[in-house]
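Chain naming follows the written order as A, B, C, D, E and F, and within any one chain the residues start at number 1.
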Amino acid sequence: MRKTSLIALVLFGALLLYASSGLPGHGDPDGPSHREQSRVGSPGAAAHYIRQAKGDAASPNIVTVVLADYRGFDTLGETIVVFTAGLVCSLILRRNP
Amino acid sequence: MGIEFIAGHNLYWIISLLLLVGLYGMLAKRNLVKKLIGMNIFQTAIILFYIAGASKWNATVPVIDPALGSVDPADYINPLPHTLMLTAIVVSVATTGVGFALLISIYRRYRTLDEDTLLKRMR
Amino acid sequence: MIEANLPLLVPLTFLISALVIPLIGLRVPGAAYPLALAAVLATIPIAGFGLYRVMDGGPVSYTLGGWEAPIGIEFVLDPLASFLTLLVTVVSCLVLIHARHVASVEHPDKQVPYYSLVLLLLAGFCGIMATGDLFNLYVFLEISSLAGYGLVAIGDKRSPVSAYRYLILGSVGTGFYLLGTGFIYVMSGSLNMADVARILPQILDQPAVLAGLILMVTGIGLKTALFPLHFWLPDAYSSASSVSSALLAPLGTKVGAYVLIRILFFVFDPAAVEQRVPITSVIAWLSAGGVLYGSLMALAQQEFKRMLAYSSVAQIGYIGLGLGMANPLGFTGAVLHILNHALMKAALFLVAGNLRVQLGHSNIAAMDHRLSRQMPWSMAALVVGALSMIGLPPTAGFFSKWYLVLGGIQGSYWVFVGVILLGGLLNAIYFFRVVERVYLPFRRGPSNQAAPNGGQEVVENREARFSMLAPTLVLAGALLALGLASSFLVNRVIHHMIPAGL
Amino acid sequence: MYFGLETTLGLFLLAAALIALRLRNLLAAAVTLSVFSFISALIYLVMGAVDVAFTEAVVGAGITGVLFIVVLFHTSRRSVD
Amino acid sequence: MNDLSTYPSAVPLLAILVSAASVPLIGISARRPNLREFWTLLAAGAKFALVLSLLPSALANRVAETRLFEISRGIDLTLRADAFGVYFALIASGLWILTSIYSIGYVRGLKEKHQTRYFASFALCLSATLGVAFAANLLTFVIFFEVLTISTYPLVIHKQTPEAIAAGRKYLAFTLTAGVVLVAAMAAMAQLTGTLEFQPGGLRALQELSPVEVKILFGMFLAGVGVKAAIMPLHAWLPAAMAAPTPVSALLHAVAVVKSGVFGVVRVVGFLFGPETLSRFGLNEVMLWLAGSTILLASCLAFAEDNLKRRLAYSTVGHLSYVVLGAGLLSPSGLIGGVLHIANHATMKIVLFFCAGAIYVNAHKEKISELDGIGRAMPWTMGAFALASLGLAGVPPVNGFVSKWYLGLGALEGGSVAVVAILLISGLLNAGYFLPIVYRAFFKQSENFNSIGEASAWMVVPLILAACFSASMGLMPDLFFHFFTLAERIAAQILEASNP
Amino acid sequence: MTTSSRNPILITASRLLAPFIQLFALYVIFHGHYGPGGGFQGGAMLAASVLLLRLSVGAERSELKFRKSWGTPVGALGALIFAGTGLLTLLLGGRFLEYHYLPLPDLSRAELHSAGILLIEVGVGLAVMAVLVGIYDDIMEGPGGD
């Protein structure tokens, strides 16, 4: 296990180093994820959120709007994850749940 | 490799190191609690990566500020990764919670949290 | 109503019934099982209708919250997804019917959280199938993973330890997937699979994109137990309770395989990726190793469930081989094997469950030929499952291997063809060992003092009850029927799944 | 968006992670993990992710820390590595 | 003569299903032996009648075909009762009737256990054999071939002694490996030629392949079907499988398994590769060498065996290779001889095994050295034994002579004197290892068998019938079922299609 | 061991503190619209306040605030509020979670979305609070062997 995990770590580190060379610089405002349009012309989600959030949900906190509205289903999933965790704990630990 | 490249990427390298540290903790540590600590570090590093990817120079937090007037995407930090990471944090807490439950359950049965001792007692 | 929300309905039904069960269970704990069964039964026609619609009129897209695709989350029901959703619902329905008695014997006072978790697991699986968004997939992956850890933790004495190892490695897997998604998002600016698939050809040369792909595939490979990443699987499946392993073994790894297909073939273009990183070849070679390793390890096991678990490692290898060949025939074989293996493994794990409940153990060394008369039907199902695992015609198992072999020959992968065939023979050896022990008397060894009353021993009937037997036999029958219907499946269903890039 | 600040905090973060993994006293390790969470929350804040920072502070430093300590009280506090 | 016309008919399918349908009936009536045996006999009779009804059209070059449904892309599960198929099916189903009657006497005489399993497996086995006979393409063939493998296994291990279990393992190891090789060969065939359909005279597409490909492919096919045909390096399972009850051995050796193997060899040679391809790549030479050496070696090994059934087994190994030899000659007479030998050897060998079983049931003797004087106690049995022995040695009045004669003619047509020599030598060897048994039985004195008489009528009648049948076949080869005409048809189909 | 100390100062302090934390938590949930905060954070803080009471006063007495067996059912209820909101819009003809189909009169489209967000934040908060407290209670079940 020791040797294999060492190999795994080295490979993983090399992969990360290789990947980081191609990432857009940290804070680069022209990064692909910040653009208004992607390379193939589909709308960039982030820019759309920033422009539309207030009008769409009457709320200045964009993160909340994205969280609960645009990507509300993710949040439902997140709640379910929490619920699942609680259920697992009571399944494992509770004597008579 | 110019100074700009280093300035733009040094955070990624720190994140990479953190990822490695976390993974090391999960794979190589013999104590089960340490594995969980490693998992937390690993997940925090991933979150950090997303947040770093979201940041923009000269932009403000993603809360619309009426004082700014018009809404220009360049003025606000990308909110999407933040949202995703809120979910990821919650998931990580949930996973940790399940891990805790399993730890307690293991300790109840085997009275140890050390992997080597555990393997011995499982025979 | 139903038609407009078709892609969402199956996961949503599971989710909501999983939430309702604890509320009702507070007052009426006995209601958990009927509710869970009702939910699963309700999803089968929906999933069937979904498959029919998709086959009839092409993929169905559904925007959650009414936000169009790259802005909001999209659910897409395409042939592959709807087919596997149907598979999940049908197999889980049979396992749940089987579970009624088994679960009440193995963990009687935990019905409410247990069935709720089962439904959450299924919700996670079906959500993974239906979603068209990379991050949403992660969320569902986590739901199913967490439920899976919980289900594995209920079992024999060592189950929490296996569950803990599963949790740590599963977290590494989902973490890798999340990180890979992060790379893809940072490079492409989108999380929607279809959108990403359109953007990717332009940025495929970027190291971060390839690294993202590798991370995602490694992460999902961990969840799928693709060969060198399989080490959590045998412990987890063998120490979990009968119902849990009967649910997880046939379905859990298959869902992982589905995600691999989705990412490798639908988001990325395998041919274009192959020019830069030989990822499909690596998968194929590792899978070939997995087939041999899993089969050899299965050969060495003394415990039936553990043997089945190692056999799973080998069977996942077959699926990986089919995917790694990256040609239509191999792909067909892989998808067919996902179906067949889900049914075979479900049948065999149900047999293991019958053994555990009726005998109290599933130790191969402690079985003897009386078993074939004590539990004739279960053992018949075991034989059919074994024949299918070996890949003998006309059982279903033969045809998936047939397509895999055809794919291997089409791509001139002679080594893989050899491995597939050799794997079949190894399968024959380790299943035959069990069948022989169950049907034939062995006069040697310390168990010589069998037959106490003068040779003509009285064998009492210890066959499992009807609710356990019926699903087992239905699955065994399905193995025979599907073998004959495989061409129909391939032409009418799987043919439409083959991605355009192949 | 302060370049030097981020890097400095990042190095602190790394140090906290290493310490948390090295400490043999698990209670101390758990506390260090809370510190780790807190530093990461600071970094999120510096990078403009206020919501994430808030959540991380509540969860990482709060709930997880409490649960960690409770678990350690119920199990063993020492680790061999 | 060669223009085959097919017409849709359900009869081939019914012929297969009738014995499969009897399996559950046999299972249900496990507690009522008479009813159970009634089902077996009923199925056997019905099956034979169905196959017989196909004979006229097969003689008229009209082929009944059941096209069921697609089982793989472009390949249907198809049954086609062409001359060769009907020929083999007639032998199999006809001898099944005799074997069933004989089995009843045998298992009751020995009070065997698991009789239900025995008869059920038997019925299933026959279904598979007919499937092999009627298979219109390779995939159908392989499916039934594998079903045959599995359904025979319970028969091999029937006694459940350690010896029988070991034999069962050996049997499965050989046949399953062969099945795997066959599947690989089939897949390669499908990819290279795009079709798996059997065609008289072989597939044209094969001639466009490179010699290496064809040779490897042929080697794989030969290995795949050759295990069941017990070609020499692959024969080891057959003597081991003698641990099975005698009627099973009779079935294995005379009808179902090994004959499916040689049937497969002829199918592969005549309907897949075709004489032209084989002779172009010199592959028939390989077959001749393999078959020739198998014949001689097996005959020599038979000499060394004292166990009667094992000696018969080695004799079988040798005689199967006569068929392979006939196929390898690629001349009309050679093919006729080879094909005829399938039927002739089946009838003769089944007599011999029936005799061995009768001796075992009555006298509990298995060794040849213990059979001194048994001929006086069991005159009918040993008389039939003598007749069949003579037939296998190739002595004229019995049918073995006919096929050997044609094989010899074929060898002369092809100008291979070596083959003629092999035939002569093996005939002598056959006589050499069979006649001493007859001699012992009738002319040596012993007190061992004073107290026993002839076996029960259940066993003696089928035995005598089979012996009479093989004798009359020798006198008039075309007598009952037009076997000779069928063999001519088959040879003509194979050869004329390849030399238009 | 028991984590509840019987120090009267601690008990009083935590009893005094808890309502304020809870108030702040509610503020956080509802303030999510305008600044940082939302259901999850608020729920976690609510849980923290309950945990504070449990830690200081002891589980037996603080159960008055939140009963032990409530963990999963209340969690399910919270998640059900969320899923139910989505289901409601779905039943009223919209897509899942398409808030402007909510049956609230006299509200503009944006306000309906705002109301929907509020609704689900409440659900999330409830679920998170219940589950976190539930996990704590499960862990505190005690070290009995099984």
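Here is the rule we use: a contact is a pair of C-beta atoms (placed from the backbone, for glycine too) under 8 Å apart; a residue touches a chain by one contact, two chains touch by 3 or more.
Please read these numbers as outputs of a predicted model, since none were measured by experiment.
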Chain pair, B-C or A-F, that carries the greater number of C-beta contacts: A-F
Chain nearest the overall Cα centroid: C
Separation of mean Cα positions, chain D and chain A [Å, integer]: 20
Geometric centre distance via CA averages, chain E-chain C, whole Å: 43
Gap in Å, rounded to a whole number, between the CA centres of chain F and chain B: 24
Approximate Å spacing (C-alpha centroids) for the pair chain A, chain E: 68
Touching two or more other chains - residue numbers and ranges from chain C: 15, 19, 22, 64-65, 113, 116, 135, 139, 142, 146, 149-150, 153, 160, 185-186, 191
Sequence positions of chain A contacting 2 or more other chains: 16, 20-21, 23-24, 27, 31, 33-34, 45-46, 49, 60-61, 63-64, 67, 69, 71-78, 80-90, 92-95, 97
Overlap residues in chain D, where contacts from two or more other chains coincide: 1, 50-51, 55, 59, 63, 67, 71, 74
Complex contact set, residues of chain E against chain C: 69-73, 75, 77, 142-143, 146-147, 149-150, 157, 160, 162, 165, 168-169, 172, 176-177, 179-181, 183-184, 187-188, 190-191
Of chain F, residues touching chain D in the complex: 1, 3, 35-38, 40-41, 44-45, 47-48, 51, 55, 132, 135-136, 139-140, 142-143
Contacting residues of chain D [partner chain B, same complex]: 1, 3, 6-7, 10-11, 13-14, 17-18, 20-21, 26, 29-30, 33, 36-37, 40, 43-44, 47-52, 55-56, 59-60, 63-64, 67-68, 71-72, 74-76, 79-81
Chain B residues within the chain D interface of the complex: 7, 10-11, 14-15, 17-18, 21-22, 24-25, 29-31, 33-34, 37-38, 40-41, 44, 47-48, 51-52, 54-63, 77, 81-82, 85-86, 89-90, 93, 96-97, 100, 103-104, 107, 112-114, 116
Residues on chain C engaged by chain B in the complex (per definition of touch): 135, 139, 142, 146, 149-150, 153, 157-158, 160-161, 163-164, 167-168, 171-172, 175, 178-179, 182, 185-186, 191
